[in-house]
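Below is one structure; the comments refer to it alone.
All chains are identified by letter, namely A, B and C, in their written order; residue positions are counted from 1 within each chain.
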Amino acid sequence: MMAVARVDQMRKSISAVMTTGTAVCTFAAVGILLVILSHIALKGVGSLNFRFLVDAPKPVGEGGGIGNAVLGSVVLLGLSSAIGLPLGIAVGIYLSEVGHGRLAGGVRFIVDTLTGIPSIVTGVFVYAIVVLPTKHFSAFAGGVALALIMVPIVSRTTEEMLKLVPHSLREGALALGAPQWRVVLGVVVPAAASGIATGAILAVARVSGETAPLLFTAFGSRFFSTDLNQPIASLTVQIYNYAISPYDEWHAQAWAATLVLMTLILGINIVVRILTRRRF
Amino acid sequence: MSALTRRSLFVVVFAATVLSFAFSSCKPNGSGAGGSVKVQGAGATFPNPLYQKWLSEYSKQHSNVQIDYQSVGSGAGIKQIQAQTIDFGASDVPMKDEDLKSAPGEIVHIPTVLGAVVITYNLTGINQPLKFSGDVIADIFLGKIKKWNDPKIAADNAGVTLPATDITVVHRSDGSGTSGVFTDYLSKISPEWKEKVGSGPSPSWPVGLGGKGNEGVTGQIKSTPNTLGYVELVYAIQNKLPVAQIKNGSGSFVEPSIDAVTAAAAASAGNTPDDLRVSITNASGATAYPISSYTYILLYKNQKDAAKGKAVVDFVWWGIHDGEGFAKDLQYAPLPADIVKRAEAKLNSITAGGAPLR
Amino acid sequence: MSARVETNSGPFFSLSNVRKALSPTGNTGDAVFRLILGLVALFVLAIVIAMVWALAADSLLSIRTFGFGFITSRSWNPIKGEFGALPFIYGTVMSSLIALCISVPLSLGIAVFLVEQAPRLVARPIGFLVELLAAIPSVVYGLWGIFILAPVIRQYLGPPFERLFGWTPFFRGPVTGIGLITGGLILAIMVTPIISAVVRDVLAAVPGSQREAALALGATKWEMIRVVLVNGAPGIAGAVILGLGRALGETMAVTMVIGNRPEISLSFFDPSYTIASAIANEFTEATSDLYLSSLVELGLILFFVTFVVNGIARFLVWNVTRKTGGVGRAA
């Protein structure tokens, strides 16, 4: 009797310790984010003003802004999402619902390996297959490079989330006479929608912070442009260029641009979450 | 309308919008509407702030030309001009003979400005700039001199109390023209360095930490005590780091000032070859700073597109004349007069379809 | 829909036979669906194979020059033309290992807290904040690392470890703040939002019945959470694989704080060098063909390292789920 009570006490203490531990983990992570964020904000908020958001860059000492970089990043994110998200989700659906056997196993393994490729290698690959043949840098090449980075992330999360949908949903729909494509697109995918959205958001957040692949593909520009056939500016390349320069004024602009970039991503995050929230 | 149909409709409309957007913005490359010429340049990071200033000032007077310059590094500038994906390149280090031979056409080097590589350090309690001889620097980077109060350093710095701490060497981890210039200088000064390490943009450093970019090295030196490293002059000045005086070929300790750098170029003008590819480190001349270098713009001698070629040639001409006036404010050293004359001759030799562009 | 009985008359590759191969029920919509998905999967597979082929083709020169010795050689001297991959492999594996050892428990803790313990109102915004860590550009992480994290390690975090454990080869000084441990820590911070976001979704998908069953049997909160975690093991493994991929391939942030010294050293405080950093640092300035080829071969080796590590992770997961069943099996 006493032994059981002691064991129970032990189990309760362990539970208390572990549950506090998880809270500590969370607050540590949020704490680190706030530390980094406050560092960025402290250094950058001074440069944030309306002109900064709409002007093109100017030589050092003359102010200037990141307007063209914001436009460029929006174009690049839009293009890469338009290519990468459907591809990634389709592969995820294939791996979870349609594929089986050796081919699917091979595809799954290969796509997993793609997650580990340094973004610079992807950039050089796209340079070789898009930029060199066309003999110029272009926003299109940048979008392709970013899409290639997105595909494995989106595909892996889509597959995992689809696998988590209970079989009973599938069986119920099939029993009602729906063909497989209707079951997958109409029942299973919507059920996993918020999980797939997580994958999409992670992928977009990941590529929004990438510089190296863009340096070889979309290149960069001082001008406003939406031409997919020409080099295009982007927030990350601009941040990188300013951050590695010697001037404090450009450093401050780099931090301010980081704030703008993070706000953009946070905005996308919130919008996607709202669109995919469960209505039941 | 069912949820599935609504969602499918949304996807189709979204895709249609993106695609129409994509196709509508596809314009022919090169000359756009209104006769404006688009030119793409890329290369060295070192002259980037100056080139951005030049482009901004130049476009005020020439609004029909859109010139873009991206600082992707000297090596990338060389690679891209060889691949002909850009219209002009820029490099701190002149192209090697093999690279010139393998290019699809003859490439011309136009020097634009000069820069200095300086020794900077983080040492508390030292109020005046330290002095170093060339061989002392080589020994530090070889790892032979390990402590700050080594007798060889003390010999050059009479009256300064140096601490007994270890020197933490910081060098560049990425390949760069700055490293190329610095190791070129060390190879001229120290036969041991030349044999053990050699000169180039990516040497195998015997000791030290690697920082990425001038910014990375500056950052490491700024935040770590007892460090010593080499950076471009403007980084040390902007970050308020101390700058060492180096003993030059004539035996005097010279501060890396803009005039000292131009003096090094002027002193070397005599042995500058016809194609203007030259190393001016360890220049002889009483006031010359020993670790100076040119930065070049790279152009094909025979331009394929006459409009673009003329735009580039006119811009670079403006740069080496009017542009030099903006150099000193941004801590770049202007070209000496006779080098400007020789660069003019080079620009006059650039042709498109047989006809000279100037 | 009535079942269709079809007799097999006609040529082998007729439309009806292709349709039957793609969709056993004979439904055209299904056949088209499976065909499109199959083609997309093959397309992605083809792209990856093209990448590997391009990497292999460009590294042929280096493979022919150094052979297998490339993987065991420790020297990296571009000027003299000697190249070896061992220090980079060591740096890549060690920094990713450190990152995962710190990040996986942290991420699991975060996910468990947000799904099992935090009230709904609080969990959402905190979840957003943790995901925001993924949106910070890597160059910003690098700068923060140089200016904040490295000095903190040099002044506060490093010295106690050096005093207590400096007699082991793992914690030998000097502590400059720039080194393997700083690289590992930065990676840990970058990888945590990925793993925690995916694990959150995995844990949320575990059926409530599992939790209720555990609690009904008298489990404490922690024991119930353990049941949930085991249920979600395959999904958690997938999350870790994503995080690992990020860690292995991260360039900008790591290269700014890891010291970039191609030497193998057991101490966490000593500088190190990862494959991705080496490629990022030296690719654009690599002038000779052998130099370029060696860098590309490094990329190829990284590809295989990812391959092997993913394989090990998948095997471990298979081992766990073999015994317990995992989520998705229950209705």
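We take it that a residue touches a chain if its C-beta (ideal position, glycine included) is under 8 Å from a C-beta of that chain, and two chains touch if they have at least 3 such contacts.
None of these values were measured; they are calculated from a predicted model.
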| item | value |
| --- | --- |
| Pairwise touch network: line, ring, star, complete, or other | complete |
| Chains linked by the largest number of contacting C-beta pairs | A-C |
| Mean-CA-position distance for chain B and chain A (Å) | 34 |
| Centroid spacing, where centroids are CA-atom means, of chain A and chain C in whole angstrom | 15 |
| Set of chain C residues in contact with two or more other chains | 143, 280 |
| Residues of chain A touching at least two other chains | 182, 243 |
| Residues of chain B whose C-beta touches two or more other chains | 72, 76, 216 |
| Chain C partner contacts - residues on chain B that touch it in the complex | 72-76, 79, 96, 99, 166, 168, 173-176, 197-204, 208-212, 216, 219-220, 223-224 |
| Residues of chain A that touch chain B when the two form their complex | 57-60, 62, 78-79, 82, 131-132, 135-137, 140, 182, 185-186, 190, 215, 219-223, 226-231, 241, 243-248 |
| Partner chain B, residues of chain C touching it in the complex | 75-80, 142-143, 146-147, 150-151, 154, 174, 176-178, 255-256, 259-262, 271, 273, 277, 280-282, 284-287, 291 |
| Complex contacts: residues of chain C adjacent to chain A | 1, 23, 25, 27, 29-30, 32-34, 36-38, 40-45, 47-51, 54-55, 105-110, 112-114, 116-118, 126, 128-141, 143-144, 148, 189, 192-194, 196-198, 200-202, 205, 207, 220-223, 225, 234-235, 238-239, 241-242, 244-246, 248-252, 275-276, 279-280, 283, 299, 302-303, 305-307, 309-311, 314, 327-331 |
| Residues of chain A defined as touching chain C within the complex | 11-12, 14-15, 18-19, 21-26, 28-30, 32-33, 35-37, 39-40, 87, 90-91, 93-95, 98-99, 103-104, 106-107, 109-122, 124-125, 128-129, 148, 151-153, 155-157, 159-161, 163-168, 177, 179-182, 184, 194-195, 198-199, 201-202, 205-206, 208-212, 235-236, 239-240, 243, 255, 258, 261-262, 265-266, 269-270 |
